[in-house]
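Please see the structure below; I have some questions.
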């Protein structure tokens, strides 16, 4: 179980997060949604150890993991995917997954076997020899997901893994996330793809301008006035249910 | 006492030359974020340029210095245009290796052309030496120091008081901003690089009558230029000037207490420590400017 | 452990061609001293030494991307340790070699650790390590313990493998260096392929943030790679010292040596296994070629330095990754990739269906 309490973060004068609280239960999927720039990725970076929070705590199964380095967070079982894939073009697909497998594997053979199984599950095996730079960008996020999964994590943070995938691939990912939940992982999923949120989320947390403005079931939050305003920029009309992020503008 | 005074004044004058070399690198390093490991070799181009023109008398010497400076600037322009420009977006690595290799190539080219070490020219100035209160300064040293100071002032006037300077500073502050207001950044970069290299070559010409030239000098001068720029900080040109004078004084006075090679070792060792402990402390703005080029390709933090 | 057919690795044309080339090259290297007169064996030794030097630099410089010039210090440490310990104090040369390796490794570990702890970027790493090397040269030049400006000359009479010394016939040096090169190459290749540490290095080079998020201890592994790299570079210093029998700051602590390692690796292909070796041997052959035109020996080194510089500038300017990537692309072109073509990239997704954001 992942518990985030009173987390705050600012960059220079810009307050990106204030007083964020939420929990992600094991064996359940928490969808973290919110408009662009709400601070979702920043939150993931804090939990994953890339950034240090200015205040607040992060606990994993009761253990304080606030501000630990990324490598330690990974060793303790917190894995994540990156929204923007970084400078990975020259890296090999198979190696990307195999190296992460060393959290579980005791040696070369075992790491490779785990990596192979994972790549096959994600239908990425045919790309194993390629460089990340030479496969479609959307697939690099799938590789990221496979890499996170191969380490058998306790907490999985997915930062918009589905953006740009084909419907078939979205189905594949939805299945994989579901399997992952069955294995008892606490999943935090940042997602703009509503199809996925509807299909998967046990619990939804809405972040806006660095604050949690609503949480509960998808039905609950989409009836919440503040949420509708955050997404549409206007007070809710008479409609009693709005398909929440349907109007979320494309990113620049 | 008079030894100290003597050393201090030679150190000061030598330091002014270092300042001149340093501001050439300062322009290239902080404005363009180019790590020019060949900078000291442009000083060498100035020295060998003047040497091979064999000027007799004061005005031919000045003419030779000007010609050498233009030569250095032209080479600099071509280097920027043909070798560095395409790699500018890529940042760090390739520039570093290209300029380092370029320096080596220049050094060994001169090694082949001028196998004799320690060549120099006779005093080109119409006077011999100045003596006052027990301190004697040779004419070339005095003239080199004074001319360096004049040039330093001229460059700072150029950078802080003219339109060209505004454009150069604009590019250094915000590249995107400069592009937005329609500045031809490529041209500014080429000219800035040429200016930096030209200044190095002038310094070389002035240095020649004081310091005999050998091809190996290029590396030493490159390092000294970096010492001046890094210690001086990237905040303003004046830091660089001050650091140049400081280096000259430290070298001269250090020779009182330690034998030559050991004193230089000490300077390099201290420089290493500075880089280790306070790379961003002493060069706040340079560090923050060098970084974006690197981190922009390494987003990772989504 | 079951024994499987080792030939199963040769599943692509590139691997097969490389296997043939490596086998032929190794056989040639083994018989080379029997084919040529002793002076040419000396040239062979120098070629292998260049290869060894480049290869060891490449471990930190190529695989991890630490553009270090502190390898000059490692090279010098190897040379001075045998000069001080063996020539002056009659310690066995092999012990001196090990001492050199250990000192260099510790220095490398500390440099890398300090620099990455303070977040020093690639440029400051190069500048800082250059300053350090120059400082070391200055110290060596003014310290009688390290022979100050006179250097230290060989004194001794024993010969043979146990003493790492051969007077007339350089083939002892040749085979020793070949042995080191082969063992180190195989060792590093295995390390890079089979261990977590080795496999993590390319990730650290490309993106430290992502590397850390995969559980890689970036700072520690960087420092270990630097220690390994500098430690092994020291072996090359020891070998050359024994061969030329004189060591001074001017012969082993010059910036040219550091640049030659860096540039040699880049010409061959930084981060490739064979590139630095090929480039090292190539440059030695080039030197010999120039010498055969009766170019004076001082000018030979000048011309090779210029050639080095020009080649590396052109390589970087035109964006090729060095000899090995060119070779691989060439072989693939001639013999094909030997893999089934990957299915064409999936069509662009239909935005609206999957992604609420597409307007």
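For reference, chains read A, B and C in written order, and residue numbers begin at 1 within each chain.
Definition applied: a residue touches a chain if its C-beta (ideal position, glycine included) is under 8 Å from a C-beta of that chain, and two chains touch if they have at least 3 such contacts.
The UniProt protein names, listed by chain, are A = ATP-binding cassette domain-containing protein; B, C = Branched-chain amino acid ABC transporter permease.
Quick caveat, the model's predicted, so the values are computed rather than measured.
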- Farthest from subunit B by Cα centre, which chain is it? Let me know. A
- Hey, which chain is the most central one here, using CA centres? C
- Query: Between which chains do we find the greatest number of C-beta pairs in contact?
  - Reply: B-C
- Query: In whole angstrom, what separates the CA-based centres of subunit A and subunit C?
  - Reply: 41
- Task: Please work out the Cα centroid separation of subunit A and subunit B, and write it as a whole number of Å.
- Result: 50
- Query: Whole-Å distance, subunit B centre to subunit C centre, using C-alpha means?
  - Reply: 32
- Can you list the subunit A residues in contact with two or more other chains? 50, 82, 86-87
- Spell out, as numbers or ranges, the residues of subunit B touching 2 or more other chains. 298, 300-301
- Hunt down the residues of subunit C that sit against at least two other chains at once, touch-wise. 207, 209-210, 213
- subunit B contact footprint on subunit C (complex, rising order): 65, 67, 114-115, 118-124, 126-128, 130-132, 134-139, 141-143, 149, 207-210, 213, 255-256, 259, 262-263, 266, 298-299, 301-303, 305-306, 308-310, 312-313, 316-317
- Query: Which of the residues in subunit B come into contact with subunit C in the complex?
  - Reply: 35, 37, 82-83, 86-87, 92-94, 96-98, 100-102, 104-105, 107-109, 111-112, 115, 219, 223, 226, 230, 259-262, 264-266, 268-269, 271-272, 275-277, 279-280, 287, 290-291, 294, 298, 300-301
- Message: Going by the contact rule set out above, which residues of subunit C touch subunit A in the complex?
- Response: 194-196, 199-200, 202-203, 206-207, 209-210, 212-218, 339, 342-343, 345-347, 349-350, 353-359
- Residue set of subunit A touching subunit C in the complex reads 48-50, 69-71, 73-75, 79-80, 82, 86-92, 95-96, 98-100, 102-103, 108, 111, 126-127, 129-130, 135-136, 138, 147, 151, 162-167, 169-170, 192-195, 245-246, 248-251
